[in-house]
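Below are structures written as structure tokens.
Shared chain: subunit A. Partners: subunit B in the first complex, subunit C in the second.
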Partner chain A sequence: MMRPQRSGALLVMLPPFAWIALFLFLPYCLLFCYSFWTVSEFQQILHHPTLANYAHLFTNPLYLTVILRTLRIALSVVVLSLAIGYPLAFFLAFHSGRHRALLYQAVIIPLWVSYLVRAYAWKVIFGNEGVLNTLLMWSHGTSHPLSFLLYSPFAVIVTLTHIYVPFVVLPVVASLEKIPRELIESSNDLGARPWQTFLRVILPLSLPGVVSGATFALLLSFGDFLAPLLLGGPASVMIANIVANLFGADYNWPLGAAVAVVILNIVVAILSVTQRLERRWRTA
Partner chain B sequence: MSGSRRPVILTFFAACAYGFLYLPIVVLIVYSFNRDGVGGFPPRHLTLDWYRVLFADGSMWTAVGNSVIVAAASVVISILIGFPAAYALDRYSFPGKDAFRRLILLPLIVPGVITGISLLLLVVSGGFRLSLITVVLGHATALTAVATTEIFAGLSRLDRSYEEASADLGASGWQTLRRILLPLMRTSLLGTALLVFTLSMDEIAVTFFLIGRENTLPLEIWSRLRRGATPEMNAISTLIFFFSVAAILASQRLIAGGETSLTPSAEVAGVTQ
Partner chain C sequence: MTAGTDSLEKASADSSGAEVFLQIENVGKSFGAHHVLDSISLSIEQGEFVTLLGESGSGKTTLLRIIAGFETLSAGRIFLEGNRLDLLPPYRRPVHTVFQSYALFPHMNVFDNVAYGLRVRGVGAGEIKSRVHAALARVRMEAFMAHYPRHISGGQKQRVALARALVNEPKVLLLDEPLSALDANLRLEMQRELKALQQDLGITFLFVTHDQSEALAISDRVVLLHQGRIEQSGEPREIYARPRTSYAANFLGKSNLVRGVVRNGIADCRAFSAPVNLPEGPAIFSLRPEAIAPASSASSGSDVRFTAQVVAEQFHGAGTLVTLRCSEEIELTARINAAISNETWGEFAFRAEDLVPLAPEVHES
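Our next item is the complex of A and B:
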């Protein structure tokens, strides 16, 4: 750590500090304030602090239902992303051979494709007149289009999984590659079967990568509201959709702010749990 | 585990995973040439008509222009803020450093909705009107977090001895920055700029709440998708896809050699630090 010149250090730190204070700290404070205000029937914001919004949130079962559904969808996305991403990462780290760089790049490229474009592509695939249904009917797999595909939690989960698989693969590959090869070889030399080596050596040592990828997928899908809007039906409304509606058509900013504060708390809670897990597994 | 023999099942699984990753992209591209609209198997009557429609579509290109302006401004701001922030995190110790890092990285993990509405509250409380400027504000705030993690990764890979030599030889802090640090950080900064630009061109969640009358490209596409899809959407998506791939390839040629940071993996790392 260099000993900075006082004035130079201040000059360096002033812009980011000012930016953070003005555009991160202040807006979050405003969000917090709004969550204690209310809206009159003439859609005027009343600046008398009350706990009415929070009381409404915790007594109306709708919000709890939606939060639980959101968690369920987000966890499904994490499980599926890991189920697809871990073996792919394992393949890349240990068995990709000569074309490793190319295969690795091929995981990254979809990340650079617009989120909207990818979500829309699934809509094209799943629609009633979509590619999958018309393919099934063309090949006489079904006589009627399968209408459960689109506008359902299923479509939302597939789309979000598609988006977050690369986010799981990259950190898992990184942690698999950090495992000293001698450890794996000595496990084999000492007579462990490949699956024993995997369960006892490779898997535990790759857990930090799994946790970072899973955390990212969990938090980002928890806060998503675009996939449900585009591909989900009424049964896949997620918590961020409620915020978006309250700030849009339903016009109740204070209640929306209260929901946002709840989301923020859930995000921080999830993060502190996963950070603790990661620290434990990194030192173990 | 020798790597010389490939387990058949794993290889097959990996092939399926790649299939899953690329299926939507392939479908999108193929149907951009389909005369009879989106979907319908097999695709038939291949045509370039949808591209003709797209190129004649004025409001779409206005939106592209808006997006480019917003993205360029976001790159400039997020690097101007992110560079000193990353430098401070890498080199200085100061009270509240941990809180500083958490706060500046917060937009990485906080859902875009929340960043969007909290900035909306700021804009409205300040009595400002929503416009492309407020969109830039949103993008810059969200993407400064990305820029900071990327630049931080670049700074911590750097060999400090050049800067120390420069200081020992009597260069001022400013001279060391301009003559030594910035040239050494060129690749990292280029990579960061490219990543921020691409993410800004694609941003919806934050933009959603801060947009005024003028649409960015994703919001223009979004509003049309809500009205019903045509292969024109496939055509613009195909162009965006090839543009992104070209940008990655070009930047990798540009940054040939050194380890590129052109993946959001640093973001992932930043989240769980």
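Our next item is the complex of A and C:
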């Protein structure tokens, strides 16, 4: 009985393993190798291992500035997404009644719309001749179009928040729905007012969902390069834009690979922290 | 009943003039056209242990949830010590619930679970500590204060849930099938403990169960619910010995339903005849299996005798359930302690008063 089961299990495991090896592990290995190579003056890749790329990264303040800015933007997106997503998730989980399925779909459907379309939509809203400025000038709110709306970190944060709110809502709804109703009734029964029940029972028990939603928003924003490209100005260049430039226009793959390795490490560090938090709050 | 809309009105006093402790007045609950509860009226005294007994769908849990405040009532009123209870939100009702699933907060340890009700009311830390210790000591869970619910057994969770409710000194404790998840031995032990705790504290217990033996064992009074109505209510011995309907007779234990015709104060049930105090006409009776004994060993006063053949027996440890065939159509079940041999004909007897007349059956369409 043992052997056929084991070989069956192996057979089942093979495709995902092959997939991970081919499309994840191998590219990462290549990236890692590239990060130790350099580019000659004639744009040829020199295969002599050196730490020059990393030295450049850690001594040039530009990279640190951009990474910190990226983190700041990503964290702003997390805070905004939670501020919008948690109440929405709470409503969906507890008060949506018979319209639940419809409202749930309404949260999911934007995910099926192309990212580009949604990013351009904000361009239409925020532009000098855009919806918002036209409306403000027509109502005499301002005499000149507000220029800080578009091509600013603000535009990037708003766009990314819009795009990643569903990623926060879905896990939070899931964790709220997993809370047994009796726990809420029990809290009520023991004399807790609704807000006390929320703070002492509902919120702590929904933290795993909050953490996974926040992790999605944080990491996806951290690696985003389209929003700053389309809606951000020079002051909102993010780290992924640097990578794209290094691999593209600059044709410096080794340096781009080094930046990518650094980003990857940051992401893994964030993930290990959030996973630990999630595990702790899930079992607690 | 006095009708009124003033929320501060007092409950009508009962016949003796004293105020009823917990009064449930014509309470109804319906979901659309479906009536879950149909005009339930019940008066409960302070310190009474009352059990709502019924099968699933009888409305017993709904009634409990209405008293706790988790469900709104569609009709009627509830008074506690003369004040309207049904108008208060659950968190302002001086009643607490022990849930079937215990509903302990998984993110808090045993101490914090028990302290919960005191904390949300703003009781001081020192008082919380002493009261939680006392409550946990009462249910013998003091040693588990730092444990999380996932690390204690079902019986222990049950005790913590009890302590968590009792530490707040509720006027009424509502228990929603609290023992049904426990295994049989632990269940008996917890029944004893619950009863002792209730007598000790003098708190009114309203206990919901579908288990008739549990209801009979721990209650001062059993209220049998059936299809959203009170079928019968009374002290355990009385309700067991004197069922009023065939439903009550069968739900509260095994019973023989015997049909007969009354003429001149004698009920002719074909297998036997017994003196009864009933008007002329057809009648239906309940006869408990343990009321029947072999004539040779029957207690004095067993004046109704009949002959029957033993056609089946089922040993149950404490006794043997014996199927007696009196005639082609009539079979009776008797619980007999003595050894009895199969296939034998014999004379059996019971006391006429054990033949309990039941209300005529209402044929449901």
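The rule we apply is simple: the second predicted complex is superposed on the first by the 264 of 284 C-alpha atoms of A that agree within 3 Å, B and C clash if a C-alpha of one lies under 4 Å from a C-alpha of the other, contacts with A are read in each partner's own complex, and residues count from 1 in each chain.
What we mean here is this: a contact is a pair of C-beta atoms (placed from the backbone, for glycine too) under 8 Å apart; a residue touches a chain by one contact, two chains touch by 3 or more.
Computed from a predicted model, the values in this text were never measured in an experiment.
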Simultaneous placement of subunit C and subunit B on subunit A, clash or fit: fit
Partner with the higher number of touched subunit A residues, subunit C or subunit B: B
Subunit B versus subunit C as contact partner of A:Leu205, first or second or both or neither: second
Partner chain in contact with A:Pro180 - subunit B first, subunit C second, else both or neither: second
Partner chain in contact with A:Thr215 - subunit B first, subunit C second, else both or neither: first
Superposed model, angle subtended at subunit A by subunit C and subunit B (C-alpha, nearest 10 degrees): 80
Which superposed partner A:Thr38 touches (first subunit B, second subunit C, both, neither): neither
First, second, both or neither for A:Phe94, with subunit B first and subunit C second: first
Partner chain in contact with A:Asn188 - subunit B first, subunit C second, else both or neither: both
Partner chain in contact with A:Ser76 - subunit B first, subunit C second, else both or neither: neither
Which superposed partner A:Ser152 touches (first subunit B, second subunit C, both, neither): neither
Contacts of A:Asn252 with subunit B and subunit C, given as first, second, both or neither: neither
Nearest-approach distance, in Å, of subunit C Cα atoms to those of subunit B in the combined model: 7
Overlap of subunit C and subunit B interfaces on subunit A (superposed complexes): 185, 188, 194
Sites on subunit A touched by subunit B in the complex: 1-2, 4-5, 8-9, 12-13, 15-17, 19-20, 23-28, 30-31, 34, 84-85, 87-88, 90-92, 94-95, 97, 106-118, 120-125, 127, 129-131, 133-135, 138, 162, 165-167, 170-171, 174, 184-185, 188, 194, 197, 211-213, 215-216, 219-220, 222-226, 230, 240, 243-244, 247, 253, 256-257, 260, 263-264, 267, 271, 274-275, 278
List of subunit A residues in touch with subunit C within their complex: 180, 182-183, 185-194, 196, 200-201, 204-205, 281, 283-284
Subunit B residues within the subunit A interface of the complex: 1, 3, 6-7, 10-11, 13-14, 17-18, 20-25, 27-28, 31, 38-42, 80-82, 84-85, 87-88, 91-94, 100, 103-104, 106-107, 109-114, 117-122, 125, 137, 140-141, 144, 173, 198, 201-202, 204-205, 208-209, 218, 221-222, 225, 229, 233-234, 237, 240-241, 244-245, 247-248, 262-265, 267-269, 271-272
Residues of subunit C defined as touching subunit A within the complex: 68-70, 89-92, 96-97, 99, 101, 103, 105-107, 116-117, 120-121, 148, 150, 164-165, 168
